[in-house]
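Going in written order, the chains are labelled A, B, C and D, and every chain counts its residues from 1.
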Amino acid sequence: MIMFYCDYNEGAHPSIIKLMNDTNMEQHEGYSEDAYTEQARQLIRKACDNNDVDVHILVGGTQANMTVISAALRTHQGVLSAETGHINCHETGAIEAGGHKVLALPTADGKITADQVRKYCIDHRNDSSFEHIVQPKMVYVSNPTELGTIYTRRELTEIRAACDEFGLFLFLDGARLGYGLASPGNDLDLPFIAEVCDVFYIGGTKQGALFGEAVVIRNEALKEDFRYIIKQNGGMLAKGRLLALQFIGLFTDDLYMELSRHAIAMALKIKEGFEAMDIGFLAENPTNQQFPILPDAVLAKIGEKYGYEYQKRIDETHSAVRFCTSWATKEENVDSLLADVRKMLYHS
Amino acid sequence: MIMFYCDYNEGAHPSIIKLMNDTNMEQHEGYSEDAYTEQARQLIRKACDNNDVDVHILVGGTQANMTVISAALRTHQGVLSAETGHINCHETGAIEAGGHKVLALPTADGKITADQVRKYCIDHRNDSSFEHIVQPKMVYVSNPTELGTIYTRRELTEIRAACDEFGLFLFLDGARLGYGLASPGNDLDLPFIAEVCDVFYIGGTKQGALFGEAVVIRNEALKEDFRYIIKQNGGMLAKGRLLALQFIGLFTDDLYMELSRHAIAMALKIKEGFEAMDIGFLAENPTNQQFPILPDAVLAKIGEKYGYEYQKRIDETHSAVRFCTSWATKEENVDSLLADVRKMLYHS
Amino acid sequence: MIMFYCDYNEGAHPSIIKLMNDTNMEQHEGYSEDAYTEQARQLIRKACDNNDVDVHILVGGTQANMTVISAALRTHQGVLSAETGHINCHETGAIEAGGHKVLALPTADGKITADQVRKYCIDHRNDSSFEHIVQPKMVYVSNPTELGTIYTRRELTEIRAACDEFGLFLFLDGARLGYGLASPGNDLDLPFIAEVCDVFYIGGTKQGALFGEAVVIRNEALKEDFRYIIKQNGGMLAKGRLLALQFIGLFTDDLYMELSRHAIAMALKIKEGFEAMDIGFLAENPTNQQFPILPDAVLAKIGEKYGYEYQKRIDETHSAVRFCTSWATKEENVDSLLADVRKMLYHS
Amino acid sequence: MIMFYCDYNEGAHPSIIKLMNDTNMEQHEGYSEDAYTEQARQLIRKACDNNDVDVHILVGGTQANMTVISAALRTHQGVLSAETGHINCHETGAIEAGGHKVLALPTADGKITADQVRKYCIDHRNDSSFEHIVQPKMVYVSNPTELGTIYTRRELTEIRAACDEFGLFLFLDGARLGYGLASPGNDLDLPFIAEVCDVFYIGGTKQGALFGEAVVIRNEALKEDFRYIIKQNGGMLAKGRLLALQFIGLFTDDLYMELSRHAIAMALKIKEGFEAMDIGFLAENPTNQQFPILPDAVLAKIGEKYGYEYQKRIDETHSAVRFCTSWATKEENVDSLLADVRKMLYHS
């Protein structure tokens, strides 16, 4: 089985594995108070061109989301998110378990707009029973979104302005951030993101690390006591050095962007290959998740050899699925996939 | 100012006040372990034609909702509700503060259907990452709904069947239940509701009591330790006898339904009066909340003399507002309102 | 049965009942946005000799405790309390359900000291894994305590200093505050309490009202958005005017202190009566809860005519129990109790 | 610096590292739905001599504790624990953040007894306001305890009997389980533990793995929907195969016990070496945490070369500290430590 299920089917990039091998028997203090963690923090600060941000590396994305949101919100406050946002759909209610309502905004492409944020806040303020309604206090965006789309510098700048207008925090989930930054049409970079957001994270798990999401906090108000809240949320890894090694690997010699570019090249090859076969897409996008719409019969056959993720039924005979590329995707597998689909489409 | 703001602008029906006066200096045990509470429970059991239900009287509706839902759900489970449901909109996230996601279903009229419930549960079961999604475990309906509409016996029976099919609890919020039962078109009664639901409550606050919502539990699984959870949610009134007296008053000599019928008569008078002036409605309904759409200029003038609740802008010059009648609404005030609106509409 | 179970066996003082009767059919806005609430707030501000405090009247004590603590603490912060504190023992874990640990301090008499607070905070700061431990952020005291003892001006001033030293809030639970203020040996008054605490409440339920605890907030940091949190905790009474009327009654013509003085006079009569019979006490105190230690055989007999609350076994043949007086205690009942105990003791 | 800080100063045993290297570029499904996870589960089931237990491997101990407790308890229920228990002291209130009170029992040696459990439950049942108190529903024990002591088969059997008598779950935290099983005086084994407990976990993090705690569930009532709750608590590792590889390594060729025996041998060498120097201990115990009481002057000197964890002040000139051995402790370092202490003691 050749897997395009997701971007975490393999282990880690060999250079990270090597770092782990080389340092395995060293003795270090636990709980991210070791020297490697400090080194990883410095590398990330440098990549963000900002020496003042706090950096905390957590194991996974749900943990990062619940920890950041718990740290930021008071009990009566909620977080605005696209209805397709990961915190709204795929974290088994972790945010609600922490006591906060996810305030879902409608979206066609996975993105939300400054206008939606502004309107929501104005409506809240104008409501005569506003104290009976969860108070919006944070905006959560993912880049790329769960549908693979990306924000522009202008869009985020506008959302930032709306946040400032209404006293909201802006939080960007970058589980696949590198794949966004490496995609055609992107005009963001880490220094901009570190500036425009109050807090965001750089994903490692889906980008060539074994695990790890590096939370970057710019807003002073969110820095205080953050490590308490990591611990309370079960996110304080005993051997924190392991998290550090992932990011030392990724942020040495531009590996993070190099791996990202590879994944995007592979994704665009799939995209263009499918387009050449006149195959449509559920959510057109330039990143590493491609959502082609295919005949069910073809999907059944492809499924015998290639792993993909089912998305949704489109009509009686077609469904949308997801093919994910990653830092580890082999070009020969992409070629083979395209050849096989072509064969099935034109000979079935 | 003549208030049509809501159905709790006045105190309580005089017969309840009399009960309170008459028993004020009696000594009773606290925390609803007194004889009046037992009497109120028996009256409610009799009204439900069911001797086996547990009855707990709580002070208010948000408290009733959060207590019932906390008692029923495990941490990873959520509650299906119309997007307009009170728990989704007007309880400042009390359900989420208790750790549970409200799973909002779209609705035009405030009601949800068995088909929506069934589809949601099937989609959940079929999702390959179902464990990453909140598990639906309860259906919450209000009758009348927040838009004043009412369920039929057939609709609730179908929702019950969907609940049984997927192992969900059915919970009915009856904050205005009497107004529903007294409205034209209603075919429900208390015994049916006590049978079709796992748990529901009979509202007192909006129906002539000072306060009090009587939670009625039929499902054995929901009965265990319910008083612990009342206490934990801050809902254990020290002088529980007061809650009992409200319901002894309401459930003696059919007062509950008599007051309900009065409110509905007043509401229908408003409805028909407005219809006769060719005024449209936001949500046509037969209960005590009427949502006419009126010119802003007229509304401004009416507002000088009558209290109503603003709902939403309809177009540049019209808005929908809410006029609420209740057990205490005076017919002369309704007449005066209609006369004044008529005058403004035809002379402005 | 003559009840000395607790201080909420009766309804309310007749002057409060009269206020409720007189205003019952008036129309008012809901949710404590009516004119009576404003009047009650002004009376309480005046009694505290402080025009800047915020006042919110909630229905009950557990609700007041959970709401104040939810409003004040971030997720990783806890509240220091005597191990006998109401929040630690008798609220079914309401504080923990809100996510916060109660940090219990040992006590013999129900009180805690500035030294205990200081030591706890120093130990926390010095612990090398302090981020793995709940951060102390609030001190909760009750006055009178659950054992009937009272704090002095000096003791509270010292606790205040410790709080200031470590950045803690000081919160005083005054469910029985009047009974403390009226007791011999008391040197506190409301203006002092409003000054020394960040937030406290004045109990109505046990002091002659039907219900109601008036939360008084001095610290600006705790004022923001408090009504949201009341609503989220199910504490926003629809007919908020009722809460106001209780306190208008209590704070007119010094009724609150007058009723308190009566209860204390009755309690001291019991105390002195028992002392005259050489009966010892579990926790000697000058307030309205008296905890005599009596032979089990005598207790069994007394129990046929008088209601008391069992506390704990002292030895094989003796137990400590609680007799509670209140604003409503009749002197003839106290006399009868003492006479009966005397008879039993000397003739059994 | 030679570290005896804790048992997680190094990475993982080389055989685990080798497994990770060898399988790194294999493609596997995420979220512990891969073949290695199934293999690890089988190995653990075999070690427990029980084919019916469910096995879930989580990253860390706090996560394991919060997930198990969230899965097991209803909102009003609490967990009994020694006051020194990890959940009570060192998880920043993670259990309370999940809504549950830790019901702390006094202990001198880190252990609790069946009698304490039974007494607590009887007192709860007998309390006239039991519904105002958190309901005990689970017993949490650690083996070894936080003070290094171990339970006997008889003690756990008696606790089990108390749990059965009062309907409590028994949960054993085995973060250092192997070190307990390998210690002199131990009479437990995995099959017994799997039988006597409702749920327990086998620690990997402190026993030679990079991370990972294998939760073993015997009680059917605790199995349902456990993976939802793992996800909700942020504990669902994307590359779950990594967790599996740790336990495949540990449970192949008896590595888990072999490493445990090494750590214990090193700990006993320290213990006996200190005893030979007439050094006393804070908590005498046969496992891998040794708590000697040493002069502060000596500690200061030792601290220049050896890492230990400060515990508490004993008197004006002595403190108790912790030396931890592990699977990775080198005998030469133990020898060097003992020689240096000897030198300091007898020449200072």
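Observations
Keep in mind that, in the parts below, contacts are C-beta pairs under 8 Å (C-beta built on N, C-alpha and C of every residue); 3 or more make two chains touch, one makes a residue touch a chain.
Note that this is a predicted model, so its numbers are computed, not measured.
In summary, the chains found to touch both chain C and chain D are A, B.
The chain pair with the larger count of C-beta pairs in contact, out of A-B and A-D, is A-D. The chain with its Cα centroid farthest from the Cα centroid of chain D is B.
Taking each chain's centre as the average of its CA atoms, chain A and chain D sit 34 Å apart. Taking each chain's centre as the mean of its C-alpha atoms, chain A lies 50 Å from chain C. Chain geometry summary: the mean Cα position of chain A and that of chain B are 41 Å apart.
The multi-chain contact residues of chain D, meaning those touching 2 or more other chains, are 75-76, 91-93, 97-99, 129, 131-132, 135, 228-229, 231-232, 236.
Residues of chain D touching chain B in their complex: 31, 70-71, 74-76, 98-99, 129, 131-132, 135, 225, 227-229, 231-232, 236. Interface residues of chain C facing chain B in the complex, by the touch rule stated above, are 1-3, 5-6, 8-12, 14, 17, 20-21, 23-30, 59-63, 66-67, 91-94, 97-98, 205-206, 210-211, 228-229, 231-239, 241-242, 307, 328.
Those residues of chain D that touch chain C in the complex are listed here as 75-76, 78, 89-93, 96-97, 99-102, 104, 128-129, 131-135, 309-310.
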